[in-house]
Amino acid sequence: MNGSRLFPHPYLSGFLLLIWLLLVNSVSPGQLLLGAVLAILIPVFTNAFWTDRPHAVRLLPLLRYTGVLLFDIVVANIQVAALILGPSSRLQPAFIYYPLELEGEFAVTVLASTISLTPGTVTADVVDEGRGLLIHALDVDDESTLIATIRERYERPLKEIFQC
Amino acid sequence: MNSYFLPLIVALPFLGALLPPLFVRRGRTACAWSAALVTAAALALLLSVAAPVFDGDSLLFHYDWLPAYGFSLTFWLDGLGLLFALLILGIGLLVILYARYYLSEQDPMGRLYAFLLLFMGSMLGVVLSENLLLMMVFWELTSLSSFLLIGYWKHRADARQGARLALTVTGAGGLSLFAGIMLLGHIGGSYELSVLLASGDQIQAHPLYPATLVLILLGVFTKSAQFPFHFWLPHAMAAPTPVSAYLHSATMVKAGVFLLARLYPAMAGSELWFYLVGTTGMVTLLLGAYFALFKHDLKGLLAYSTISHLGLITLLFGLGTPLGAVAGVFHIINHATFKASLFMAAGIIDHESGTRDMRKLNGLWHYMPHTATLAMVAAASMAGVPLFNGFLSKEMFFAETLHQGWLGEWNWILPFGATLAGVFAVAYSIRFIHDVFFNGEPIDLPRTPHEPPRYMKVPVEILVALCLLVGIVPAWTVAPLLATAAASSVGAELPPYNLAIWHGLNTPVLMSVLAMVGGGVMYAMRHHLFALHARFFRPFDAKLLFERQLERVIAAARWLTMMLENGSLQRYMMLLLLSAVAMVAAGLWGRPLGGPLAPGEVDGVTLVGALALALSAVTTTIWHRRRLVALIQLSVVGLVVSVAFVRFAAPDLALTQLSVEMVTIILLMLVLYFLPQQTPAESSGLRKGRDILIAGAAGTSVALLAWGVLTRPYETIGDYFMEQSIPGGGGANVVNVILVDFRGFDTLGEITVLAIAAIGIVTMLRGLRLPTPDTDADGRPWASDRYPMILAVISRPLLPLALLVAVFLLLRGHNLPGGGFIAGLVTAIALILQYVASGTAWTRERININYVRLTAAGVVLAALTGLGSWGFGYPFLTSSFGHFHLPLVGDFELATAMLFDLGVYMAVVGSTLLVLANLGKLTLTKREATEGE
Amino acid sequence: MALLVAIIIGIMVACGVYLLLRARTFPVVMGLIMLSYAVNLFIFAMGRLHAEVPAVAGLAGDTSDPVPQALVLTAIVIGFAMTAFAVTLALRASSELDSDHVDGDGGRQP
Amino acid sequence: MTEIIVSLFLLVGDAFALIGSWGLVHLPDFYMRLHGPTKSTTLGVGGMILGSVIYFSRGSETSMHELLVTLFLFITAPVSAHMLAKAALHLKLRNEARTQNRQDDA
Amino acid sequence: MLNTVVVVAFAMMSLALLFNLWRVVRGPDMPDRILALDTMYINTIALIVLYGVHEGTEFYFEAALLIAVMGFVGTVAVVKYLLRGDIVE
Amino acid sequence: MSHWIILPIVLPLLAGLLLLLAPADALKLKRLLSLTSALLLLPLAAGLLMQTTDGSIGVYALGNWTAPFGIVLVLDRLAAMMLLLTAVLALPALWYTARGEDQRGRHFHALFQFQLMGLNGAFLTGDLFNLFVFFEVLLIASYALLLHGGGVERCRAGLHYVLLNLAGSSLFLIAVGVLYGVTGTLNMADLAQRVAAAGSSEAGLLHAAALLLLLVFALKAALLPLYFWLPSAYSAAVAPVAALFAIMTKVGVYAILRVYTLIFGSGAGELANLAGDWLWPAALATLAMGAVGALAARHLRQLVSYLMLVSVGTLLAGVALNSASALSAVLYYQFHTTLVSGGLFLLAGIIRRHRGEAGDRFTAAPAMLQRTPLGVLFFIGAVGAAGLPPLSGFLGKFVLLSSVYPGLQQAWLWSVVLGGSVVAVLALSRAGSRLFWRTAEGTVAAAPVDRGQLAAVALLVVVGPVLMVVFAAPVFDFVDATAGQLLLPSGYIDTVLGGAGVVPAGGAQ
């Protein structure tokens, strides 16, 4: 799947083409052609900068994961908004150590970002030489529930997506 | 007539000055010959054209040089000029001969002759110039060349100081003379003597005559060492004796009295002239004579005697009578001959005995009878003894002092003073003879004296012979020259005068007798007088005084300079800013400020933005001592400014402001790392208050200007650009079309500035060793995680994304907001993010571009795009564009301006990365060494 | 609006000037930056502030004068170059002179 | 109809942004304040951008490019938050007293 | 209706920005200021999007995009400064 | 289409860029390239000057955009003169550097070329904002050049120089902004017309902008109270850079001449000739304080720097007089004093290297090995710097002094200028005596003086001034005509605004 020097980054190229069309706000043949050229050329130039990219990505689980994430973000926002608007003295903040099952920098990063984007949690640090995350949560009743939620809802699907 | 001989005569010594330094390698005699031949050649030229002058004709060479400014190269040989030219060249020749034997082996002979010839040429120029500006040129040259001559023995402090003293006094006098001459030229309407000498009445009637006279006389008196400017002359005695013999007999000091003689028809005859010139002459005459007696140094005696005799000549011209002028000219001749020979004799004595101190020199008659005889003749002439030439002119002088009537009942004071000076002159002349050649035996002389080499005496013999010939048979010798010289000085028919030795027993003869007897008596009483003099006159050294005063002036100058330039940027900045405020205030003062336009409504968001802007600007300032905090505040200012650009429909500006601000902040942080994190509280309350006032005034000034402009309508060239942008520039985004087309030249300059700055920065950073802080400002060790993983992982895919955006911005710039500059900054920032997230080494491994070359290539591309238009016969930077159609792709436009913009892009990427990466690299070595991660 | 803009520019100039008069290089450089922000706004304002749409040819509506905008763009870039140079020079000076005082006298600190 | 949807998106987005900013002001310690902007503001901007996309996509034209901004924010905002938290941990910023598992050595 | 909404939205956005500004000014610690500044950048994007709707123009899209980029890079750089002092090493 | 006019800008630009592209260690190649460019500039400038001798004004419309919309280069007599002066100064300075001084830092040659580009651009441009851009080009290059060689003093002086000039640039922008805000144009000829036509309601703003601009130019020209940065900066620079800087102050003088004869000249109505009243006292005070500084100087570079202030004072006093003959004198004297100051800076550099630890300080030091040629050059240079005959400085001063009619103004000018000359004589003779005459025991280990460097000095202090005297008549013809052109700007305005320099559409193929 990871191809030649000429076309080193098929996902990236596709992604760039999409971005280009978004940027120019048009799907005219000219722009398609220009976008394709750029989508091929730019990865050639920047190939060296992204050598540790994920080798294989499973698209379907990725789409599902994205959907779940978007939904959770909306929910999280409402929850956090409520927390913020409520009296702050009621909040129970906590630092939580989250032991990772995932491997691979990219996958861990995606998980960390997901945690930061979702309900009341922020990945504060990567600890234990990359085997755990330190999470700050705005309001936690039960630490283990939170860990379990993250594990089930995000980490496992990511393992599937990145096959690691 | 051979009028072009005149400039040639003047030029010869100047050109010839090159010869002695060349010939000195072939020996001292050859060197002297080269100088002598040049002089002889000039003299021969002079004599070849001299004959008509004796008939009252004159020779004129004229070349219109700068007619608009009255500056012509006009030379003139009349009687006066001839006389002086003869003295200059004749005595010059003798001095050259004399110097050949005077100089020691160690003295660089070529240099002396070169300087001497330069001086000779300058003097010839002074006396032969007809145009006063031309004369002025040579006048200053005499000061300069005499400076070199006096300072010839540069290893001696007295020579150096004497030379500088002479230059300063005569140079300053020369500039005064210059002013006087310019005024004279203004009054007389010309700088040509032919015009000026004929308009004496008009000149003297002019209201500026007094100022003109004073200025000119300042030049004359300084040059001729008249009181109170006489003090430089004795110190000029530090020069080798041939130089003294030349400068102080026939030339340098005579330049002043020459000018008196020369300008006589134009300037003389007024009461002011009499009082200024006469008084100065009389005072100088007496003072010089007095001090001459008390000098123990042979040359010192001669120096003051010179001052005194110059005073005499000055007094004679000051009388303002034609016969006074005749006597003055005559005494110029006589003084030149006897004084030159006396200096040479003194030089021989010095040379052969090793000292010039008359208290040591005694009884030299036994050792050098020949020289003694010569010296005695010359001294007798100086004393005014009959049968010697000095007597004749002194008699005429005495006679003239009796014939003036300016002073009324005080008329007697002139003959009295003249006689008194005569008494002193006789006394010091006797001293010169008796103290040196008789008066017992010499007292520990450094050397046993003996007669000098044969040829060293020849010049003295010639001069002494002249003294005698003129003194005995004036009518057969000097008469024609004197007649023509005096006549041309007076500028009119001369009244009859008689050069006979004996006119019968008259008052002048009595005065002479009185002077002789009085002088003898005075010399006899000399020891009492010396004691008396020592009681009342502390030994007083003008040179030391000058040096001390000069040091004091220099100290004051240094103090003043230090006071002004105290090296404080804060003060300089304050002056600049205060001046700016003053300029704006002066410009706006008393004129209407506001214009007719309505100020326009303010909406709420704008107000909030304004508030945010003001607040963050103020907090930046208040907290400037906490640098990082202030930096954050400053970024808020930058952000709001770019939002303001959006608010007022200037997207290109907003984009640029945003990207530049980010690069700036990164830059500042890169630098701040090495600097103190806090600014010490060192401004006093007073200073802060003052600065707040200045800041307030500056802010108010700019606000007033803004208000004034914003409330006025105007007509702008911008409308033209709006119309022409598409048809002429091929782009819809007018701002961009201005940048790359209408005013592309500005942009070319701008990227050049960027490139130069980057080059300069990199140059500055080379070899810079900075202490890297081990802890942060609070003493906390730095975090150990150099490249946080999550940041690194996310940053990497952002690079292709950013490049895509950059290409997007670059391509659309011509029609929509964007352009090469913004695209360049986006690219640079994306790359810098890689540096931040993954490190310099990591990034450099992956991007192998020489940023200097990239920058240069960018500017080259822009410039070549500009040059491309030459090929089509259009001026630099003329753009062209066209619309094209390709199947599948559709319509698109290509413009050379896009190529130009690509150059801009490359230059921006290159220079930004050049700066940031090099700043970042500063720590690399040290950190890796200590942390070893 | 004119008054508001004039006042804001004035305040920014005043802040910039005050910083320019400080004794240490870093605040002075910040003052230069502030001043150049203010000056950029000032030049921009010289094209008057009535624009409704950007200076793009063919748009309907009141466009602003494009010339001052082009001038500001040039001025921003030049200002950036100059700031970069100045701040690097400040760094060099602090190393050479062993002080970040604008006159290099480290000894004047209390 | 579009106008109502656009208005709704704008208002909701705006509200989230405002609440996030409010959290920034009134929450008691840095770590808690961090939650406001990372989520609310991100979504707030997202909402407003959706509103804008709909607004400018009237008729046949579609204008999706604003989505890029949201996409970009969703990628970067967690990283910013993470970095800020890292810095806070490094600086040992004060934790609210009731925080479980405090990291400020207090 | 949209106009009214936009005006209200402007007011709310302004308020949000003032909150951010307050935190930038108030601190108390550097991360607070940086966070507030970052939030300001994001809210400014919202403001600009709003302004685009208000003016009915898409000319300001690039400005919004660039603010997002610059806000991120700026935040990262300042945080790196706090962590390591040396942001490019 | 004649492209000659743009070449003085493009040639050094391309040379500078090629120098950046050249391999870092190819010093000989760089010298060759740099010298070739400087050498070509000389005939180029001379040729351009010849083009102006018939009184014609060359216009080059960049991008083929007609004035007042596009940027035009304008080659009138003054511009041509300044180009020639730059070229004449640059070549010896560069030659001097190429004899070794260029190894003391990197990128010297490129920076030098950029500096030349900036100077030439400033002299040629007919657009006020473009003048700003070229000011910045020459300033940024000068900042970097000033620091060439590194070291504490250069750093300190450089910091002051840079920061003050940056503040000055802001003031420049404000002034240009106001002028544009009121008149709506940037082309100087157009500005002249619009200022002349402006109503009295606009006078205050225009006046303020004009004075602010004057201040900026005065900062460049180093006029009291804005010159304090100059002595330390110029003393700190390496010799050839200081020599090139001799023309930097003249850029200020040039700008004043240009703007206050063209835009705010006699045609400016209410604002006519507004600069003179300010320039006059400031110039005389600068002259006086320059003289004081010359007395106070402790080393030769410092002395030359202060003498430069004296000359700036002299020049601007002449500008303030604003009469044809005064301007003639200014133009003539400017040429002279720039060359001589430049030459003396170079000489100071040589002396500094040959007097051991004493350098060019006025303290006793062992005799220099080749003191005769150095002494001769110093003497001649000093004569030139003091404005004494027979060199051209004297002629310049004479014409300047005689250009003013008797009265109070004359009394001031004469006494200050002539007093300044006396002080200069005093200071220079003292300096010469200390450097060349008063020597201490011992010898200095130094390489023999480089003949090429001596030749560079001789070109500037001897050959230049002597030629200016020998050819004084044609030179004065030229400067007289230049002054006339400046005082009667209608020719300039009509030519520039008459659409000159533009190639008609389709007329090129």
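Labels for the chains are A, B, C, D, E and F, by order of writing; each one numbers its residues from 1.
Just so we're on the same page, a contact is a pair of C-beta atoms (placed from the backbone, for glycine too) under 8 Å apart; a residue touches a chain by one contact, two chains touch by 3 or more.
This one's a predicted model, so the numbers in the text were calculated from it and none came from an experiment.
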Both-way neighbours, i.e. chains that touch chain D and touch chain A: B
Shortest path length from chain C to chain D (each step joins two touching chains): 2
B-E against A-B, pair bridged by the larger set of C-beta contacts: B-E
Remotest chain, chain F as reference, centres from CA atoms: A
Innermost chain, where centres are averages of C-alpha coordinates: F
Greatest separation from chain E - chain, by CA centre: B
Centroid spacing, where centroids are CA-atom means, of chain B and chain D in whole angstrom: 71
For chain A paired with chain E, centre-to-centre distance based on mean C-alpha positions, whole Å: 23
Length of the line joining the C-alpha centres of chain A and chain F, rounded to whole Å: 62
Where chain E and chain F are represented by their mean Cα positions, the distance between them in whole Å: 48
Residues of chain D engaged with two or more neighbouring chains: 15, 20, 22, 34, 36, 42, 63, 65, 68, 72, 75-77, 79, 82-83, 86, 88, 90-91
Per-residue overlap in chain C, given as positions that touch at least 2 other chains: 20, 25, 28, 42, 45-47, 52-54, 56, 65, 67-68, 71, 74, 78-79, 81-83, 85, 89-90, 92, 102-103
Multi-chain contact sites of chain B, meaning residues that touch two or more partners: 567, 569, 573, 577, 649, 651, 672, 702, 705, 709-710, 714, 716-718, 721, 742-743, 746, 750, 753, 756-757, 760, 764, 783, 785, 788, 790-791, 794, 801, 805, 816-817, 919
Which chain pairs touch, all of them: A-B, A-D, B-C, B-D, B-E, B-F, C-E, C-F, D-E
In the complex with chain B, residue positions of chain D that touch it: 72, 75-76, 79, 82-83, 86, 90-91
Parts of chain E lying in touch with chain C, wherever the complex brings them together: 55, 57, 59
Partner chain D, residues of chain B touching it in the complex: 780, 783, 785, 788, 790-791, 794, 798, 801
Complex contacts: residues of chain E adjacent to chain B: 10-11, 13-14, 17-18, 21, 24-25, 27, 30, 33-34, 37, 40-41, 44, 47-48, 51, 59-60, 62-63, 65-67, 69-70, 73-74, 76-78, 80-89
Partner chain C, residues of chain B touching it in the complex: 567-570, 573-574, 577, 597, 599-602, 606-607, 610, 613-614, 617-618, 620-621, 624-625, 627, 630-631, 634, 637-638, 641, 644-645, 648-653, 656-657, 660, 663-664, 667-668, 671-672, 674-676, 679-683, 691-692, 694-696, 698-707, 709-711, 714, 716-718, 721-723, 725-726, 731-735, 738-739, 742-743, 746-747, 750-751, 753-754, 756-758, 760-761, 764-765, 768-770, 815-817, 821, 911, 915, 919
